[in-house]
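Next come two complexes built around chain A: one with chain B, the other with chain C.
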Partner chain A sequence: MTAYLVSILTEGAIFGIMALGLNVIWGWSGDFDLAYYGYIAVGAYMTLVLTVGPAVAPAQYILGLQLPYPLAVAIAVISAMAVALIVGLIALRHLRGIYFSIVTLGAVYVMYVFAGQYVPLFDGYNGLSGLFDPMGDWFSLDYLSYQYFFMGLSLAMFVVVYLLMWRISGSRFGMALRTLREDERAAAAFGRDIYRLKLKGYVLGAGVGGFAGALFAAYLSAFNPSAWSPVEVIVLYAAVLVGGRGNIVGVALGVLIMGMLVQESTRFLPSVPGLGQLNTLHPQVLLALRGAIIGLVLILFLRFRPQGLLPERRYVDRQPALDATPGNA
Partner chain B sequence: MHEALLTLGFALVTASILALSAVAFTLEYAVTNVANVSHGEILTAGAYAAYLVHQRTGSAIAAAIAASIAGGLVALAMHSAVIGPFIRFGASPTIVFIATLGMSFVIQNLLVIFFGAANVAYTLDPGAPQQLGPFLLTPLDVEIVASAIAITLALYLIIARTRFGKALRAVSQNRELARVTGINATRVAGATFFLAGLIAGYAGFVLAESVGSFNPYFGFSFFLITLTAAVAGGLGRAFGTMVGAVLVGLILEFAGGYISASYNLAFAFAILAIVILVRPRGLFTNARRTVFE
Partner chain C sequence: MSAPATTPALEVRGLTKHFGGVYAVDGCSFEAPLGQVTGLIGPNGAGKSTAIDLISGFKLPDSGTVIFKGVALEGLPPHRISRLGLIRTFQSPREWAGLTVLENVVMARWDSGREGFLRGVVGLGRADREKSANELTRAREILDEFGLATLRNERAGNLSGGQKRLVEFARIRMAQPKLVILDEPMGGVNPVLGERMALAIEGFIASGTSVIVVEHNLPFIQRVTQHVIVMAQGAVIAEGPFESLRSNQDVVDAYLGEMVRQ
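So, the complex of A and B:
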């Protein structure tokens, strides 16, 4: 039971960091980005090729270094941001709405196909493995205490990212991103460089995603094309939407609800009287049931409570002296 | 030269299936202004229905009809349960786009629950390949191409000549104005979805035949290619979409034949990204926007 608790807390913290990164792109900047899971994957793959050492035939992959974990994470984050910069430079220039979504969907499938098919990159469908207990030997931890250590590390990183997002949320940059979401033309009229701002937000969000991916790689100790799929981003969208798009407290709540409640409750469904046969139907049934529930929750929230459980607070102008309606001047 | 002609023959088959799927997708787009991401699941439903009926009856024709009807019903359900209510509620196209993505996720997972995630092998006897003009095609290939042409002609007649077709064109051009003139836009959109579903369900059946197997995710990957064809042809334009489908089919088969088929999806999206960036309203656009032009 403790081991179970440790694993869901670790997963929840990593999932929370992913959702916070997505919130920059969708919650603040307002773009429905389907490539997001690709940046998580870039972070995970890069962390692995930078830490697991040279490839042993028949496996093959790029780099194959043995850097210390924190340095590898830093480079992985930069790589994710670089990929996002390329995608963003193309997709954010003129495209908005579904055209932006379609191009980012294309981008992530190109990444997915290359990661899976182009063997010299990340060893194709076999993927990468062998990152065991990073930083564990620094403190000479045994297997069990390492699990606690990594849980603590993930939770601490979630808090750090959360505080960072909290600072950005109230900053001029955070406000400017929101004005783009609300009205791009008005923002442009006030002299904002829309393309630059959107690009900055996009790359920042992808960097957070890449960081979560780097933690995820260490948690799984391996990564391959069956460990991720571009459509998994729906789960993250559901979390951001349910909690409250744009509001980081809401996003944290959404992660708690979607990640822990929905994801974990299906695990206990078979113990509910009358549902015991669920386990015997098909090994993938519980996973699929979870997916169906998440999709359904997403649709219901979009329709009946698009602002989420904890809606973003509207910023009110507290300087009535600046009221410029005709007749008041 | 011979090699190229062989590839051209395969491309013709791919393009036919792609044209059916893309034209159905574009009809859905025309009456709702929404890109239905769960379009691929209509094809998947068609493939499963065809397989189940074929197993029971042993008749390919019954299987084709079952695929068509299942596709029509699934598409109608998508419109009445999710897309229609969202539009009446006044949701933006992006919000409905996200909702249909969620719907696609739900349907895929329901199919896994009921049928399992494993590949289902499903092939008809293609018959011996025959020399047909310059191409080498099996009788099954010929049937696929011929049925695609027949369906396209029938669709053209429905849209151009019937009262329903007129209402469809009206709703696609200006939903509000159509309603003012007494057209029940929701009902027309629902009927259009049913029609598109009939075509897409059949496309799912022939796609399963030509690939030889399918699984719950099979329609979604084909949807990605469908999207490329539809965007290349201009979203909401039936005729342009068909030309787009032929072009994309050709490029995919030649790229797949000469480079590697495993990168097909990446190729499709490279084309898609270029088209969207260079000619976002489709390759063959002028100022007017109608379903058939």
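So, the complex of A and C:
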């Protein structure tokens, strides 16, 4: 039970960081980015090739260094941001709305297929593995205490990212991103360089995603294409939507709810009469049902509470009005 | 024709834009006097809105030049033109719907120093914090002036059409441009608000903002402008004080006929 709790909290923290990054791109800038999971993957892959050491035949991958984990994470984050910059430079120039989404969907599938097919990069569909307990030997931790250590690290990193997002949310930079979401032509008319500002938000969000990916790689100690189907991003969107797009407290809440739903659905579903039996016959049934439940939650929220459980909060000016008589100009 | 004595607020020379074979703006030239309200009128399809898009950088002209404060604007992106002090509005109010009325006004002022990502993370220095506080006070004063004080915490998207126009005016007041181009500010607005809008435009002039106003509401043009430019088929066909245009046969033929007959 404790082990279960530890894994839930660790995953929740990493999942939370992912959602906070997505919230920058979708919640604040307002762009429905489908390439987001690609940046998580870049972060994870780069962390692995920078820490696991040289490839042993028949495995093959680039770099194969043995850098200290924190340094590898830093480089992984920069790599994710660099890839996002390239995608953003193309996709954010003129495309908006559904057209932007389609291009980013294309971009993530290019990344996905490239990582899978071009074996010398990240060993294709075999993927990478062998990152065991990074930083564990610094503190000479045994297996069990390492699980606690990594849980603590993930939670601490979630808090750090959360505080960073909290700072940005209330800043003029965060406000400027929101003016793009609300009406970018007006934002341009009032002096905002839309393209540059959108790129900044996009690369920032991707960097947070890459960071989450770097933690994810350490948690899984491996990463391969089957670990990151690009459609995974929908669960992240569901978390941001359910919690409250643009509101970081809401995003954290959404992660909790969706995380529980994803985790627990595979637990309680087999207890539904007949389903357990069906799943032994067709092992994909539970997984498919889980997807259907997530989809249902998304649809219900979009229909009945599109602003999420905790809508974006706005600054409330409590100064008494100078002259509260309307029409007194 | 009343020739402006000083340097004009805006000088447009031979501005041309065609879409396929259609010349939306075709050799449009005019000057907007400094410190005055210039009306820009003309029938639908005369090219007024396209001309505004060309001047403000939202569309690229095929040829022609736009001089503002001694700078040639053509080819510059909209935000650069805005930062030079030329702000335009749109036919429909473009409020930042999810932000409050107060936030709409505060964010109307662009500031590179305080808007950077790093400033967002690290926070502002004391001088910048003071600047922000002063701006907040200024925004409150402006909202008060426009009778929007009680609505300042309301999301701008929830306001009525007329109120949104007032928010737009408040944003311009906050931004304090050298020149503002108002694209049909009376569109969809209750005539009762007209007088308030007119006073607001006078307020712009008083605070050093020259005004160009595109409008179909001719009584409003008559009320607020000192100088009127008439466009038809992409070019300027007449200009002068509103009164002088009533007797101009070209203008009457192109546009004013209905009004004069009434």
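Details
Please note the rule applied: the second predicted complex is superposed on the first by the 292 of 329 C-alpha atoms of A that agree within 3 Å, B and C clash if a C-alpha of one lies under 4 Å from a C-alpha of the other, contacts with A are read in each partner's own complex, and residues count from 1 in each chain.
As a convention for this text, a residue touches a chain if its C-beta (ideal position, glycine included) is under 8 Å from a C-beta of that chain, and two chains touch if they have at least 3 such contacts.
Computed from a prediction, not measured in an experiment: that's the story for all the values here.
Residue contacts after overlaying the shared chain place A:Leu204 against chain C, while chain B stays out of touching range. In the superposed model, A:Met175 makes contact with chain C only, not with chain B. Once the two complexes are overlaid on the shared chain, A:Arg305 sits clear of chain B and of chain C alike.
Contacts of A:Arg313 after superposition on the shared chain: neither chain B nor chain C is touched. Of the two partner chains placed by superposition, only chain B is touched by A:Gln117; chain C is not. Counting contacts by the rule stated earlier, no residue of chain A appears in both its interface with chain B and its interface with chain C. In the complex of the two chains, the chain B residues touching chain A come out as 35, 82, 85-86, 89, 91-95, 97-99, 101-106, 108-110, 112-113, 116-117, 220, 224, 227, 231, 260, 262-263, 265-266, 268-270, 272-273, 276-277, 280. Listed in rising order, the residues of chain A touching chain B in the complex are 32, 90, 93-95, 97-99, 101-103, 105-107, 109-110, 113-114, 117, 231, 234, 237-238, 281-282, 284-285, 287-292, 294-296, 298-299, 302-303, 306.
Chain contact summary for the complex, chain C toward chain A: residues 56, 58, 77-79, 82-83, 87-90, 94-100, 102-103, 106-111, 114-117, 119-121, 123, 132, 136, 140-141, 144-150, 152-153, 155, 171, 175, 196, 199-200. Chain A contributes residues 164, 167-168, 171-176, 178-179, 181-183, 185-194, 200, 204, 246, 312, 314-317, 319, 321-329 to its touches with chain C in the complex.
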